[in-house]
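Chains here go by letter, A, B, C and D, matching the order in which they are written, and residues are numbered from 1 within each.
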Amino acid sequence: MQSQDKETMIHLESDYNNGAHEAVLRHLMETNSEPSQSYGDDAFSEHARMLIRGACHTHNAQIWFLAGGTQTNATIIDCLLQPYEGVLCADTAHINVHESGAVEFTGHKVIALPSHEGKLDVADVKAWLKAYYADDTAEHMVRPGMVYITFPTELGTLYTKVELEELRDTCKQYDLLLYVDGARLAYGLAASKDVTLPLLAQMADVFYIGGTKCGALCGEAVVFPRGDAPAHMLSRIKQHGALLAKSRVVGVQFEALFTTYGTEPLYMEIGRNAVALAMRLRRIFVEKKGYRPYIDSPTNQQFYVIPNEDLECLRQSIGFEVWCPVDEHHTACRFVTSWATTEKDLDEILKD
Amino acid sequence: MQSQDKETMIHLESDYNNGAHEAVLRHLMETNSEPSQSYGDDAFSEHARMLIRGACHTHNAQIWFLAGGTQTNATIIDCLLQPYEGVLCADTAHINVHESGAVEFTGHKVIALPSHEGKLDVADVKAWLKAYYADDTAEHMVRPGMVYITFPTELGTLYTKVELEELRDTCKQYDLLLYVDGARLAYGLAASKDVTLPLLAQMADVFYIGGTKCGALCGEAVVFPRGDAPAHMLSRIKQHGALLAKSRVVGVQFEALFTTYGTEPLYMEIGRNAVALAMRLRRIFVEKKGYRPYIDSPTNQQFYVIPNEDLECLRQSIGFEVWCPVDEHHTACRFVTSWATTEKDLDEILKD
Amino acid sequence: MQSQDKETMIHLESDYNNGAHEAVLRHLMETNSEPSQSYGDDAFSEHARMLIRGACHTHNAQIWFLAGGTQTNATIIDCLLQPYEGVLCADTAHINVHESGAVEFTGHKVIALPSHEGKLDVADVKAWLKAYYADDTAEHMVRPGMVYITFPTELGTLYTKVELEELRDTCKQYDLLLYVDGARLAYGLAASKDVTLPLLAQMADVFYIGGTKCGALCGEAVVFPRGDAPAHMLSRIKQHGALLAKSRVVGVQFEALFTTYGTEPLYMEIGRNAVALAMRLRRIFVEKKGYRPYIDSPTNQQFYVIPNEDLECLRQSIGFEVWCPVDEHHTACRFVTSWATTEKDLDEILKD
Amino acid sequence: MQSQDKETMIHLESDYNNGAHEAVLRHLMETNSEPSQSYGDDAFSEHARMLIRGACHTHNAQIWFLAGGTQTNATIIDCLLQPYEGVLCADTAHINVHESGAVEFTGHKVIALPSHEGKLDVADVKAWLKAYYADDTAEHMVRPGMVYITFPTELGTLYTKVELEELRDTCKQYDLLLYVDGARLAYGLAASKDVTLPLLAQMADVFYIGGTKCGALCGEAVVFPRGDAPAHMLSRIKQHGALLAKSRVVGVQFEALFTTYGTEPLYMEIGRNAVALAMRLRRIFVEKKGYRPYIDSPTNQQFYVIPNEDLECLRQSIGFEVWCPVDEHHTACRFVTSWATTEKDLDEILKD
């Protein structure tokens, strides 16, 4: 038995505490006995690539399936940077905080700039680059090779189309790559007013479409929209321990995630549902409970300032994560919806 | 559509070209909606650990679940060696040949000794170590820190109990760790006359129980039988990009693999069935077809010397791997059984 | 011919733009034809170690001679940290800015805290450590393993005895190592009111005595005052490419630097002379020329706010380094004295 | 005092157990008080580069000065290989045996082929490359990126012009770089019948001219004869801890080594003298003492099979290195001449 939760416990701790979306699991079942090739050459992965290319409007995109997020970041950043280059990011970026130094482990400096509610400000990036290139001692410093952003960010916030364009233009001007970590991309796309998958594919030099947190058992899809991945990627991915022998495992899941069951690919539907529930949760928390948002997040990660005296009571019925203390009497807490969250869950919260 | 195979095509290319054993998949289904913790703290993984400890007769074993074999080898070898140490292995060892240099990528020399049908000879190991410690310049050379063996080997062969004891004694004498790569452990245990899981747990300082090639979708279980894993393994595994957020994915599968459905854990049953089929295949090939074994393998990887004029015909009905040329007229080929192979498959081969 | 400088040009660009102190060079001459062992086993190095142990009042110190500063930092930090650990330092620290990412290249994160005129504030260190250990997700973050400071700092400033004690106590409390980069140690010791070589040896777990910038042709002496260097340091130093075959080259020079020619070891005399000249330069600049110190440095690196209209004229007679703009009309510039600077040089400046 | 040697002790243990050739030391003296730039920009290094370009007949060669041999090998190999590439060499190669795994430490596999008296056989290289490129699983193996040879080899032997041409042609055919480790290059050039510095510059993509073992205190000159070093070499060298701040130290020494004092550059004279003495030593050992050469070395490293009963007596008057046992009654020993060896030394040996 997994837990002693009372029956009505609602789980909003994270978007990776359930298994997989049922359509994903069903597809694993129905393809299970079909034999396939391995190491990325299986027909499932190939079909998933075709579907993703379609969704991205990039006919010659190269796509690699890896198992998890930190692995993907460390592998891709290391493969794309020259050994003497570093990566610029917000100081709240996952690679700077919560990956146990996996990027530095591959030899590269993570160059952290101030975070603005999780986002990197293009002005900060420009100022840093200008100072770097004006410095007589630049050759003794780590050379910038890439800008890393998350979409949505670790705080649930989103870059606008204009902000992405400015980052891309700055990257081009200074000959940097723009890499977008889309661990929660489904939720970001669902919530954004102007960023779509095809737009992202235009902006980024490389990005990944997160599976683990968006309905898959495991797996992330790395997309090189212009088909310009470095040579020998298979060797390099394997060298990083990131090549799955039974590659179909991720391929089949992305086949399911990018299949259109109703009017849109499942991946989009998963994002849309979770964001709709997050917005309903927001109304409940703000309008009914009077909680103030800690950060104005339009995506599936919601942060509220909870009076400390409410914490214990809330914990009886909802699983959530304490984020940080706000003041003596209040605590910021994170509530995360996902494909596994239901209207019924929110009904329960409303009732309490 | 996955393939243009004719209906009767028998797939013996590898043990990772199907999905998962149906009991594994079923268990993924039935646990799917139960919420869980993450990063290895989920109750499924904890239960799987308990089952594995039981099967190994090691009550304080520490167990970590990783996603794939090369990842596991690179992570474990790097975590257990001092930075200035190397790993001894047979020159045919997977880490020396087929992991794209993943071990060297973490900074360690792979020190290859002659392979004897895939096996390391303890006499070679002793001679090497004796020479190393007798050398005045030893401090300028890579210090040996570990012996790596595979069970079964890349050529399907097996160490006997006595051979394992000799390797363990040599390792103890020279203060080396003994690490056993069990990518295909189920098949090795099923075929061995005297090596059991509890014995392996006594011989090895660390070993892994392969899931990917033995019935799981993905996943390997690293076992420290004496509970003496290095400090901060979670950080180190994450630093290597090998920590799954949704750790239940592998935990649930190993829960299924080490559950006793009939009279033995599924893992053992999978091994036993595949080896029985491999032995039947051997009889068919040797007795009916007159093919000579290329290597005398008692496990699920079978190697035969096939007359070149038979190759095309065989390929019509069987998928297999060309291993290497033997002489002008013969080719060594590999045929691999697995949990997915059936008696019916072999009936077909017999018929042909 | 090296330069087109007019005869009276005074060189204050750095403390490494001349050869070696004449006593150092003379000792290289007089020992040149004596044969010796190699790789650190030569009698010159052994004698230099004995002299350094005496100067540090540490009878069992272990001492290694390396060729240069960045090499020493990268090698020592990598050898002393566990692979999953990072190093805390001021954001102006040499390892964070001017070593081309050499520390990250060995796999470790450099964790930068705010610089206070080049110094790390113990309160910042404590606050960071407290937050780290209070964080539920600490195992997903880079573990702190060391505090790195420079003495004197990159801005010429000095830690007091009390500040060193507080840093050491904090390190002990949190089980971190304290490493002191003494690239310009001679000048720091000469200028400090209360920090001596024996005190430094008590405070630091490991430190290096800089040779390159303090009168040697090349070479740095790494001191483990308590004789507790990690095992197999020779192998590790060689693995980092930092072991000199002809180790006597550095050994002979440190023999000279720690020989007492007058009333104190040459190393101390070099520091004292350069600091006295720096103080005289300060009086000239502040009292005669009316320049304001940019930073209040008591050591051989002096920083002044120079009116832009004076820059060109100054450049005619003095070599110095532009540090950074201060405002529209002023620029901070660095002037560095060394063993090679003379009273006559300063007479010239005074005259101008 | 350095040693308890009796006055007549002759030191033939190695070519790095004295200081520097007197002309090198003298040049350090006479340039000592001239101020200079740093980090490779000093006029001494620039002049040394000009002299080396002249000696190599390569007008656009790029030249970098590093401190020692292992450092040079690890830095250059790592900078020139892609991260997923390995380096082919003889199994006796210095990088494979005596560099404490410094190459693997930078992430690259050292792929050892059989040694033929220290030399790599082009037929072995071709066979290995042919097999690699014929292998279906090549992408799972370490890709070959470079051939590393030593000239002279660790056993004192030399490649002929024809052998170098064949290696170069094979490298070109398979798109590999040819790197020549010239730690003892002076002695190789002096002994070779047909290999000159200009020829070497035509054959190799990159090579280094050893200083430490050929008359300098320290330092090696890395030459890219076609001026095609990778971008940002200064950053990369610094990242490897191999950039000297006071770069003049090596620059001045190579200025001396490549200055023509008599009829040839000092470097050539040093090599010629040491080889002439080695040949005289050979005549003494073979003709007078009846010792058999262990290896037929034409360079300054001489290897002889010494009857065990002679060892103790020889040790009274000559310092040498025991190489390996030959049979029960004989031991192979190494005797090394250098710039510091004199005719008088050999007279003594002859007398004994």
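Going forward, contacts are C-beta pairs under 8 Å (C-beta built on N, C-alpha and C of every residue); 3 or more make two chains touch, one makes a residue touch a chain.
Keep in mind the model is a prediction, meaning the values are calculated, not measured.
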| item | value |
| --- | --- |
| Maximum centroid distance from chain B, chain identifier (CA atoms) | C |
| A-D compared against C-D, more contacting pairs | C-D |
| Chain A and chain D: spacing of chain centres that average the CA atoms, whole Å | 52 |
| Centre-to-centre distance between chain C and chain A (centres being mean Cα positions), rounded to whole Å | 43 |
| Computed distance of Cα centres, chain D from chain C, in Å | 33 |
| Residues of chain B engaged with two or more neighbouring chains | 83-84, 99-101, 105, 139-140, 235-236, 238-239 |
| Chain C - residues contacting chain D, complex | 1-3, 5, 11, 14, 16-20, 22, 25, 28-29, 31-38, 42-44, 67-75, 99-102, 105, 212-213, 217-218, 235-236, 238-246, 248-249, 252, 319, 340 |
| Chain D - residues contacting chain A, complex | 39, 78-79, 82-84, 139-140, 143, 231-232, 234-236, 238-239 |
| Chain A-facing residues of chain C, complex | 83-84, 86, 97-101, 104-110, 136-137, 139-142 |
